[in-house]
Structures are given as C-alpha cells and as structure tokens.
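Two complexes, one shared chain (chain A), two partners (chain B, chain C).
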Partner chain A sequence: MIQKSTTLTIDGAEVAFTEGETLYEVAQRARRPIPTLCYDPRLEPFGSCRLCVVQVEGVRNPVASCTTPAAAGMVVHTSTEAIEHHRTTLLELVVSENRQVDVDPLRGYASQELTTLVDRYQARTGRFAGAQSGTSHSEDDNPFILRDYDLCISCNRCVRVCAEREGDYAIAAGGRGFQKQITTEFDSILKDSSCTFCGQCVQTCPTGALADKKALRAADIEEPIEKTRSVCPYCGVGCAVDLMTKGEQLVGIQPAMDGPANEGALCVKGQFAFDFVQHRDRLKQPLVRGVDGQLHETDWDTALDRAAEGFRQVADKHGRHAIYGVASGRTPSEADYCMQKFIRRGYGTHYIDNCSRA
Partner chain B sequence: MALAYRLLHMLKPNQTEASTAELIAHWQEKPAPLLGLLHALHDRDGYLSDESLRAVSEGLPIPLADLYATVTFYHHFARTPPGQRAPRVCTGPICSQRGARDVLHALDDAREMPCAGRCDHPSPVLVGQQVFTAASDATLTPIPSPLPPINPSAYEECLFAHIRDAGRHTMAGYRASGGYRGLEKALQKTPGDLLALLEESRLAGRGGAGFPTGQKWRAVSEATGSPKFVVCNADEGEPGCFKDRALLDHDLHALIEGMILAAYATGATSGFIYLRYEYPETLDRLETALEEARSDGLLGRQIGGKDFHFDLCIRRGAGAYICGEEGSLLNSLEGKHPYPRNRPPFPVTHGFNDCPTAVNNVETLAAVGPIVARGAEWYRNLGLGENAGTKLISLSGDVRRPGNYEVPLGLPLQTLLNDWAGGPLPGRQIQAVTMAGLSGGFLAEKDLEVTLDDPSIRACGSFLGAGGIMVFDDRRDMVDVAAQAMHFFADESCGKCFPCRIGTQRLSERLSGTDGPSAWTDWQSEVEDIGSAMASTSACGLGVAAPHITQSLLKYFPSQIQRHLANQQDLP
Partner chain C sequence: MSNPLVDMEKPDVIFCIGTNMTECHPVAATRLKKAVANGAKLIVADPRRIALAEMSDLYLPLRVGSDVALLLGMAHVIEREGLVDDAFMHERTAGFEEYLEHVRQFTPQWAESITGVPAADIEQAARWYGAAERGAIYYTLGITEHICGVDNVQSLCNLALMTGHIGREGTGINPMRGQNNIQGAGDAGAVPSNYPGFQAVDQPDNQAKFEKLYGRPMDAEKGITKVRALEGAGEHIFAMLIDGENTLVSDPDRKHCERALNALEHLVVIDIFLTETAELADVVFPATSWAETDGVSTNTERRIQRLRQAVPPPGQAKPDWWIISQIAQRLGFDGFEYSSAKDVFNELCSLSPIYAGLDWDRIEHGQYQWPVPHKDHPGTPILHQGEFKNGRGLFKVISYRDPAETISEEFPIWLTTGRRLQSYHTRTQTGRAQGIEYLLSEERLEIHPEDIASWGLKDGQWCRLSSARGSVEICVRATDRSPRGTVFASFSFNDVPINILTGSGYDPITETAELKVCPVRIEAL
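After this line comes the complex of A and B, so read on.
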C-alpha cells in the first residue's frame, strides 16, 4: 500500500506527514520540544497529562497532540504563551500532589522525566497546596519492585505497559478522581497478583513511584552511575541491556529502549537476577570430587580430563545414545554451535537440545 | 435499628436464586454482558464478593485486576454487606438544603449519593431497588416519579403534549394519543427522506452538547462499518436534571419510537438504553414497554413488513456521572474501564465495539416521533424567534412550583421563573440560578435576563446544556453552594486527565476553605489559573465545564468569597 503523504504547518514551518501519524509524532520530527508525561512511544497514546496540548487554528480549545491525528492543511502552534502558561499550571499542580519531585535515578529508566520538566518550567513554586494523592504499598515486601505511590501522578504508563507490552494485566487503576490509585486484583501485594516481575512498569514510570529495589541498595554509594550496553546472558531472545555500575560495582540493570529484540522489555531474570555476577559464592576455579567425597579446587586440565573420562566410560558401557547434551539457555549462539558439534561429532548422537527451546 | 429492619421488609424479594455459573452462562451469550452480569450478582447477594468477581473474570473473560479496578470505579457496587441494602440518601445541591443530611444521619448504614434526579420532590432515598421520599423525620414513603406540572402557558408542547394522559406509558395509551404514527409514516418513506426531514427540523442534541441530530444520523448512515448501533443515553447524572426521568417513566414509548426511527434512518440493527442506576423502577417499566413493542412487531425482524430489523436492550449503569459522557458510556457498555475516549474518532464511525453508533439523549430521541408525525416546519416553529423547537427544563430549588417544564427555545428565563413557576418563595428574592445543572455555573444579576437558548446564555459565559436550572434565593450562601458543586465534580472526575483530577480537588479545597491561600489575591490567582487550565486542556466536558462554577462565583459574588476568606483568617 502506498502511504499518502501530505503537509501541515507547525510553528510556521510546512512539514510533510504520513497518514496515521499524530500531531505529536509530526512535531517531534520537526524538532518541536513538546513536553509530555503520559507518553511512551511504545504504547497506545492515552492523553492523560495534557502537557502536549497544542493550538490548532480553527479549533476552539487546544488539543492533545499525542492523540490527535495529523490532517492536511492544519495550522498548529506548539508553544503559544497561553499554552506555556497552562503547562506551567499543570506542572505546579502535579508538584503539589506529591511528597517529592527529586528522586534517585537508580529508581528507573524514566524516573527523571518529571523532575526534568518541573525544572524546565520552573514549576516548584509551592502553589496549589492541598491533599496528596496516592498511597504507598510499604507492606509489599517483594525483593524487586518498590511501590512508592506517594510519588504517583496517575499517568497510567505502568498499567498500559503491563497490558500492552507484557500481556500480564497485573495492575489497573482503581477508584476515580483524586482517589484514583494504581492497584492489583483485590489490592493484593504483587506476589499474589499475575505480575511476573518483569520490571517494565518500573522502567516506564516517569516519577520513580515504581522503583527498582535492587538498584536502590546502591543509593548510598558515592560514585556516579555509569551505563554499559550489553546483552542479557540468560536466554536466546538476546535482550539489550544497560549495565549500571558505580565504580567497580554492578548496581543494576536497565533495558535498552532501542534494543532491537526487546525495545525496552526484559523479563524478571534479565531485569533483576544479576547478583551472581559479583557474588562471593561464584565459582572461579574448577572443582573435582576427591576420594573423600568432597569437592576440591583443581586446574582446568585435570577437571576436563576427569569429565572426559566420565563421558567415555558411559559411552563404552551403554552406547553412544546414552549421552544427551543440553546447552544452557545462557550460552551465545557460537557456544551453542560448538556444543552440538561436540555432541554430534564427539559421540555420534543427535541427542542434543537447548533449555531455552521451550 | 428498628428503621433498618423495617426497610428490609419493604424491599422487594431477591429476584434470582440462580447460581453464579448459571448467571455467567446466561450473560455470556448477550451483547454488552459485564454490567448485566455484575448487577445480577449484586442483586442476588447484595454485594460483589471476591468469589463472584473471580468467576466473572474467568467466565467473560476479563483480567481480574481490570475487573476489580472497574468495580471500584462505580458508586453503587458494594463489595461487602450490607451493601446494596444500605439506604442511599441524595445529598445533591437541592436535597442537602432540604434536610437530606439529617436523613442521612437518622438511617442506619445510610450512605450519600449524588443528585438522584428527584429535585422536584426532595429528598429521594434509594433502598435496594426502590426509591423512597424522605420526610424531615426520616420516614420513608414510596412516591412515584412526579409528572410535569400542567402546561402553565399558551405555548404548544411537543414532548409533554400527552405525557399527563392516563395510561400514556402503556402501548394502548400511547397509541390512543397518536403514538407510533410517526414511525408508520416514516416506514412509507426512505431512510434518506427521514434524514432530510430531521435536518430540516433543526433538532439538536438535548443531552448537553447540542449537536444537530440529523447530521449525526447521516454520519452514521454513511459510515462504512457494520453492524450499526443506536444507544440511548439515559444516564441523566447531571445534578438538577430530571427531565429524562419524566419521559422514561411516563412516556417511554416515545423514546422507543424515537430509537426505532433512529435505527431506520441510520441502518442500525441493535440498540441499547443505558439507564442510570438511580432509576430502578424505570427499569421495570422499560422492560414491560419493550415487551409490548416486541409483541406488536415494532421490535424484532421485518418491522412494518419491511426488510428492517432492529431490537434493543437495557443496560443499567452503576453510579458514575462520567458514564453519561458518550465515550465513557460506550466503554462502560463494553465492560471496559469507563474513561472517556480520545476523539477523533467519534462514535458515529467508531462507537460501540468500534462500530458506527448514534448516541442520543432520551429527550432528543423522544422528539423524533412527533417531528415525523407533524412535520419539520411544525417543530421548528415551536421555537421563538430564530430558535427551532422546544427544550425540557428541570427547574428546582427556591421557586414556588419546581418541576419539569417544556419551554419554547428563546423563552425569557424570567418568564419561566416568575410566570410559569410562580417566582421566589414569599418574602424572598432570587439570588442566582445554575445553568446546565451544575455544568454551566451560575447566572445572577443582570444575566438573569437571558433567554433560554444557547446564543443568549453563551454570551454570558455559560450554556444551556441538558436544561437543569436550580434556583437559589437570598438566604443561600453561594460559596457553600459552589463548594458543594465542586465537591461533586471532584468526586465524579474519572481521574484520567491531570487538569481535572487535580484541578477539581484543588478548587474544592479552596472553596471549602480546607486548604489554599487565605489572601484574596493569591486565592483569586490560583483559582483562575486552575480554572483556565482545566477549561482549556481537560480531556472531556466534565473538566472543561467544572470551572464555570468558580468563574461565575468570581464574577458575581466576589464579596461573598472575601467574607469566607476573612472568616477563615479569624479562625484560631
């Protein structure tokens, strides 16, 4: 199908667009700095924060650019004085409903979005004092996700990512109005819900209301956070991750939003199961069992000889099909290749599999 | 305790003893099953238990977290006993000035409910499936839904012309005074003829937004998707509005005729009536009328012997003002969380189940039969001056004869207040009236000279909306009235968009004095900034309209606000 391309005017410049694009998408291409809080490019536009409103000539009220389809000939103004004033008011309102705005960047990938905007609009004015919204779930003692809803601004990004990207539908927005509260079935703790602890809600949350508990263990370490791009070692999907380190210590993992296989998604293993990397129990030397029945450190040659000897005895005694190789889900493709070669050529059997096949 | 006991015995027996599995099997097969199923379980047990919700979640299916969250959205779904059996007392703007709070305290387990649409006979108390009227000593009497007062003028009525006829709510009574003649006439013509006739009549939506009905139906008829639907918006949640109630209770075949005509004009094959929870007896009356229409061949297959098939069913809301907003209503019908929808697309192309849908108010639909029967010109000429047609006005509060009136559009407000409704109570003066229920805010002073039509009212910064007008005389503290109004909007905000979710809360705090600055200039600047951000950026009409309250209060009653602020400063 050929996509019809037409043009509209944004802040005086004529911009081409493709049918189906929203005003926000067109404006982004035109490098107009429209603020957003409820927007996540991976999700269906929701239209709750209203910061992205723009004025379209001929339309009485401003429209939300994230939900409004671009139409030929529209004349759009993205930052009139009136609109900038409303944006400041909206941010002042948001600041007024929260315990705090500055949060540790360890909390999550998007956790600085609100802080950044509030600073850009100088919206820490102390206006609009009143009741605070959101009740934190301090009783939820799961080891991964902090549910600090005192900081929640009800943008629904967590709910939407859980439904649209993860397919878990574990969380939803209960109640209404100012009493709206992110909740689970029967307001249970996450462990008793259909949450799979993939952490995607944490990473899309623009306020740090949902936070990475494991990363926050390193909150008191002085050094700055450094991020190193890598690939999750656990399974064949190959999710791209950013390893967060402070000094020499691996303190947390964030998904790469531009990871080709995962686009910001991870599962519980890739997201939270990294403690083994620097764990004191981690094996650094091969061990072999001695005649005393105990494991003893040894060198690689000895260990490999012992293993080879074991395999040979089994094959001699029971035949080549008594050997069955299962490659680890954590091995890269090259190692998988070697593994199947080893089983096929070495033992002459096709009994070879991989645990991430399921 | 004695009173609660008596109440229990006044209740109708539980309608069903069916098992949860049977109810699920029954509703699974129906369109828009969720609300119907939840009500069946709620009616059976008096509340929605965890087990019921788990079974519904599996049966429909719908994710349990979504279901739980959606149940918590509605006022009237109880999760624990005494649940549905607990009396709900209207504490709307009118009832709360007529002793409703005393009633609330006198009844065991009683809970507040927002305006329940009986402002012409306060104060309604809902117990189970029955509406009672509470006297000041909290004795409850079942009182039928009041009829409109006799037409006090020489102007011809359209909608109320026969509503006071005995037996009008039955098929025989309706036919006796010319009912279904419009439908017969329309079926002789093409749907295109009907669309043209409606456009000529200049009938516009009576639910609040005033969109031309002919144009809306044409858009549905020309939309490519199928099947098509007609949805009657009978949610009537706007405080001070009770005109749909009168039609629904006393002239319900007019509504059904209007819906059949809508289906014929648009090509719709099924329809829904979305009825507010607070009108339980209306539900029974509607069910009976639908049966009558079915057995007369007016609903079902081959209506009028033509290749025209249409049937409709009723779904009951569960207590949420926002479900009167059409996008929210459609989400509610579909069993989704009832947030308003982003527009475009509009319901005319993407309505119920994303199919083309005409959503119309009760009053709009009920006008169509008479228009077809008597002609577009007749209807247009009912209005005064440039205005076409009539509008139902629900008038309540401090006037001698509150009630529903059918006015020609363009009638001076003062004529309605003084000549029709008898004017203020003895020795009193009218201080202010609301427009559009609460959504239009207040009119006062010289703006009480408006005529009842949108151009005139909009010039004063308000709008006619669904036609609820509440009257406040010189005894009333307008800041208190405004505070209660904003409290309503804050309670009913769906919570989706930031300006309304936080804005209604902050305005409510500032009006009631529980928070916010006490210096006048700071107060004014905060309230104005919040109001203008809400009016300009809210995602739906609730948040856009709510600041009419504060804007009009600032316009007419700045000294009353200053007095409140001064009193706050005097507090220790």
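After this line comes the complex of A and C, so read on.
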C-alpha cells in the first residue's frame, strides 16, 4: 500500500509525513525531542499528561502532540517559552503529588522517565504543596511486583499495556482526580485477579510506582547496573531480553523494547524466573563415579580422560553403533552442532537425536 | 512456523488446535489476542476448555486423540461447499483428486460420532476457515504427541493446501516450538535423519559432501531415534553422551527409561544441575548456563539470534561445545580445535545451505530468518511463497486411527498431559527461581466438578491415578476446564511423576510418544 505523503513545518524545518502519523511521531523523526509521560510508542495514544503539548499556528491553545494527527501545511513549534513554562509547572505539580521522585533504576525499564524530566526542567521547587494521589498496596505479598502507588501519576500506561499488549485486563483505573487509583477488578491482590505476572506494567511505568521486586533485592549492591542483550531461555518464541548485572551478579531481566519477536513483551518465566542461573545447586566441578559407586568431584583432565576412555572401550567392544548422542533443545546451537559432529565425525553413524520427542 | 510471529496479527480466521498458547507461548498469544480484538475470528479445537477456548468465537471440544477425524470432517465440508481454492491446487499442489475423493466419505456427522464435537460446529469451522481471506493454523504438542502425530500434521497441511492458506502473509501452518532452541538443535543436525541444515543423510550427494568434510566414511542409512536407542540400551547401545536434558523426568515412560540408562556400560551427562538423569552417570560435566555463554539460538519462526554472556560461570563450569570438543580430541577425532562459539557457528554456516548467507557477525541484530542462501539474501520470513521446497505441495490421503490405548472397563478415564504457564518442563530451572512457587507449588489432577462428585471424590483430596504402566498419587482439583470423562495433569513435578503412567505408544515415523492420551483409573485415597 502506498501512502500519501505531504509536508508540514516543525520548528522552521519542512518535514514530510504519511497520513495517520501524529505530530509527536513526525517530530521524533525530525529529531525534535518532545517530553512525554503518558506516552509509550507501543500503545494507543492517551493524551492525559499534557507534557507533550506543542503550539500550532492558527490554533489558540496548545495541543497534545501525541494525539494530534499531522495535517498538511501545519506550522508547529515544539518549544516556545510559554510551552516550556507550562511543562515546568506541570512537572512541579507532579512532583508535589509524589512521595518520592528519585527511584532505583532496578524498579523498571521506564522508571527513570519522570526523574529525568524533573531534572531537565528543574522542577524540584516545592512551589506546590500537593496531596498524594495514589495508595500503595503493601498488603500484596506477591514476590514479583511492588505496587507502590504513592508514586503513581495516573498516566494509565500500566492499565493500557495490560489491556492492549498483554490482553489481560487485570487492572483498571478507578475514581477521578486525587481519588484516582489503579486497582484490580475487585480491588484484590494481583494473584486473585487475571494477572499473569508478565511484568509489562512494571516495565512501562514512568515513575517506578510499579516495580520489579526481585531486581530490587539487589538495590544495596554498590556496583553500577550493566545490561547485556540476549534471548530468553524458556519457550521457542525467542523474546529478546536485557540481562541486568551488577558486577558478577545477575540481578534482573528487562524486555528488549525492540526485540523482533517480542517488542517489549515477556511472560512470567522470562521476566522473573532468571535466578536458577546463580543458584547454589549449580554444578561447579566435574564428577566421576568411584569404586564406591558414588559420584566424586574431580578435575577436568581426569573426568575428560575417563569420559573418553569409556567411549573408546565401548566402541572397541561393541562397535561404532553402540554409541549414542542426545543433544539438547535448550543449549545454544554450537552445543548441538558439536554433539552431532562428535557422533558423525567420530563414529560415522547418525546415532544422534535431541529431546524434541519428549 | 511457515510464517513469522508478526503475522499472527494479520489473519482474518485463526484456527488453533492442540495448543494451550496462553500458557505455553504467552508472548505469542498476546499477538493472537490483538488479532481477535481487531475482529479476526478464532476457532479453538482442544479437549480442555483452556483460556484460548474462552476467547474463541467457536470452540470445538474434541475427544483426546480424535484430531484426524475432526480435520477430515472439516475437509469434507470445504470440498462439499465449494470452498476449495481451485487455482492454487492446480498450480501448486499434487494429489488433490485422490484426496478430494477420499474426504467425500467423511461427513461431519461421522466426525461427530468420533470426536464428540457437534456436526454443525464442524461445519461452521470449515466454512470460516475455508472462506477466509487469510486463514492461519497454529498448533503445538497437542497435535504431535500422539501415535498419529504425523497424520495430524499432514491433515492440517491438507487443509491449508486445499484452501490456499499458505505462502502468503497472515496464513500458513505454524507449529510453536516448545523449547528455546529446539529449532536450532534440528538446524544444527542433531537428528538421526539429517546432516546440519536438514540435508538428508540418505541422499548420496550429502553423504559424499560430509565424508569429505569430516574425512571419514559415513553410514548411508538414517540413524535411530532416541526412543529406539533407549529401547536398545544394554542390547546394542552401550554408551550415551547426553547434553542438558533431564531424560528421566521428561521421558514418556520413566521406568523403562531408568532401566535403559542403568543398562549402559558408559553414561556421560553434561548439565547445569545434578539432575535425576545425571545421578545415574559415570561422568558428569558442569556446563555453563544461559547468561554465562555466548552462542546462537533459533526461535520458532526460524529467527537466528545471539545469546550473550553477562556473568561468569560458577566454579569450573565450561561451555557445552568446549566439553564435547575436549572429549572428541581425547579420542583422537580431529576437527574439534575450536577456540570460541563463533568458530563453531561459522563452521555450521559454511556447510549448511539454509545458513549459507550468515556468519557470527551478520546475526548480531537478529534480523534473519532462515533460509538465507547467500550473503545478499534478506532472509525468508514467509516460507513456500511461489513454490514449495520440493516443487509441489503434496496432498496425503489419511485415515483416522484410534489411540494406542482406548478407555476400557479397567481404565475408564482419559488422561491428557501438558504444561503450565509458570513452570517449564522438568522445573530444573523454574523450580529454582524464587517466587515461582507462589504461583504454582504442587501438581494437581484437574477433574470436572461433576465427575468429582460422581466418582466419589472431593476437591483437594488425594487419589491414586493408575494406567497400564503404573500409578502415582496426586491431589484433585475441581475445574470445568476439564471435560467430563477426561482429566489433566502436567509432568513438571518430580514428586508426581506423570511419566510413570504415559508412554502407551509412539508415532511410527517420528517416534514421538503418545503423551496426550492415556487411559487411567482413579481411586480415592
């Protein structure tokens, strides 16, 4: 389908757009950064925070760029003095309603959005004495998601990601204004709702009001957070993830928003079941069976020699078709390749399989 | 999958059969939910009223193991009502006359008598799928884990071929793979029938190619499957090298498997934990796990992505490829002098036509879906566009067969097995992740509330569940997800080893075990 392309002017530059794009999207492409809070590019625009407003010539009041469709010939200013003043005031108000603005980045992927904007606009002025807007659910003892709604700014990103992306409708926004609360259908704990603990609400929350409890266990570790891009170890969908580490410790998982298979989504396993990796039960040394019939720790040389010797003896005694290799559907492909090569190169047979049959 | 995951948002009719997608592939299921929200019709065929069934426009509660009958009934209606895609069949397929003749015998009324699904619903499903602009089929182990798994898959292919729902955006036949790299294991040649890249071992030119590459004569015949190898343990198989698989807990017939492994003269296991299987080994090697290794995996849509090391391995654990290569070197096999995962992967690319256009550096961003036949190729998100791999799409004439065992006076209840969202296979991983027990702490036998009452049981009570092979004790849970007369359990918990019961038969071609159907008896404890 070829879409009609026309132009508009943003901060003095002429920019082409395709029908259906919003002013925000056009500005993004034109590298005119506009601050947002209730916006998540994966979700339907919501238009509640008003931080993204821009001035359009010929229109009296500023418009929310995230919800306004681009139109031919529009002349748009993204950053006039009046608009910047409006943004600062809005942020000052938000700050006044929240218990805390600075939150640990372990809380979630987007948790630093508010802090970053507040700093950029120097909005910690204390000009307003606000009432707190949300109520935290400290009674929810689920091991995954902290529901610290004292920090909530009612952007509804969590509610929308749950409905639009996860398709679960586990949470909703009730009440209005300062009474507005994010709750489950029966105001219950998450376990008693339709929540699947996919964590997507945690990762889109721009304030850290929803937070990753498992990652926060590492809050006291001094080292900086590093992220390594990889792929989830569970099912065959192949969700791209960022492994969060502090020093030598794996402390949490965040979905890759640009992951080709998942586009920011994960499920409870990919999001929260990562700590088998550094579990105390991990095998740390080779083991060989002794004359006493028990397995004993040993060094690599001894174990490798013993393993090789066993295969040599069996092949000598029973022939090359007496040896069988079973590869894994969980290891990287290099392991599977080496396993089949071990059998084919070593014995000239095809006595090799993997666990897909079980 | 013939089509990419993004395509899941594009069909106008979606047919899910034997897939509990919201639990087993939740992230893929979110895409289906979006398609449904955008107005796509969803047909779900499954013995259990799973979450996907609740979302569906049409739910077909078929009896376990009766898929072929259902699909024959649907094919009959598509043929009878002129919903076949004549142009597609003539241009791209072969064998359709015989197939269409065959399906004329199988009315939806006949299918109802076998599946228990009302004939009118079978007709409705056939009309929707047959008349769709873009119809797509999704399935998982509920289709393959049967003695007739191959027949089931082929029946689905027949449906797609007769309606032309393949080789286009938003269509296709899409199996969802269960393990993160089960596709990669096949790609890499860890199967008895193919060299790396699905090059058949019984093709003389492939044999010649690998004899040259590996510098030794190669068998011209296929190898045997793992199932046969375990059967032959102590008779003609005497040594095994097993990598990262808790065979004992995941195998369809546990007792038999334990006997088999004990009958070996030499068992070497590579794993990250001392699993029940590793405990039987002569030598156990500690492997690096996910997050500790660089490597490559292939997902269910044939997308090749990099895994990266983020933390050091515990103790002396080493990558699997290194361990296997070291054993090989000590046996004097050459060609194992790799210094990194990159070396191994690049070798795999060099001898596999579907990876020919790839190497370690090119897959950095994960944008390729195989086949990628040469360096200028963009990859192949949609298979079978324009042409099938072997020319024409072949119809196969398939008839219904009963499961290996059917219910009897002694075992009057159907047991079907599966997986749960919060756990994964044998729980060597999820069982060791904190918090997962909050959502799922023990296995339950899911029984319809009216069956519970009529069998003299109570919700939460323990019972003995027995099949022809053995029995286990398990706690009962009332749920109307289970239909009357069919009960469900997963095989995730070692303390409720459901695989003591299963394993009644195997598909004659793939030797996949019939895990989805097992007649049982239940006694209160």
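Convention: the second predicted complex is superposed on the first by the 282 of 358 C-alpha atoms of A that agree within 3 Å, B and C clash if a C-alpha of one lies under 4 Å from a C-alpha of the other, contacts with A are read in each partner's own complex, and residues count from 1 in each chain.
The working rule: contacts are C-beta pairs under 8 Å (C-beta built on N, C-alpha and C of every residue); 3 or more make two chains touch, one makes a residue touch a chain.
Keep in mind that this is a model prediction, so the values were computed, not measured.
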{"item": "Which of chain B and chain C A:V94 touches, first, second, both or neither", "value": "first"}
{"item": "Which of chain B and chain C A:T67 touches, first, second, both or neither", "value": "first"}
{"item": "Touched partner set for A:A170, first chain B, second chain C, both or neither", "value": "first"}
{"item": "Touched partner set for A:T245, first chain B, second chain C, both or neither", "value": "second"}
{"item": "Greater chain A contact set [chain C / chain B]", "value": "C"}
{"item": "Partner chain(s) touched by A:P105 [first = chain B, second = chain C, both, neither]", "value": "neither"}
{"item": "Residues of chain A defined as touching chain B within the complex", "value": "37, 45-51, 53, 61-62, 64, 67-69, 82, 85-86, 89-90, 93-94, 96-97, 127-131, 133, 153-154, 156, 163, 169-180, 183-187, 193-194"}
{"item": "Contacting residues of chain A [partner chain C, same complex]", "value": "142-144, 164-167, 191, 196-198, 214, 226, 228-240, 243, 245, 248-250, 260-262, 265-270, 272-279, 281-289, 295, 300, 303-308, 310-315, 317-318, 321-346, 348-358"}
{"item": "Residue ranges of chain B touching chain A (in the complex, touch as defined)", "value": "50, 53, 63-70, 72-73, 320, 322, 337, 342, 344, 490-499, 501-506, 509, 515-516, 526, 529-530, 532-533, 535-539, 544"}
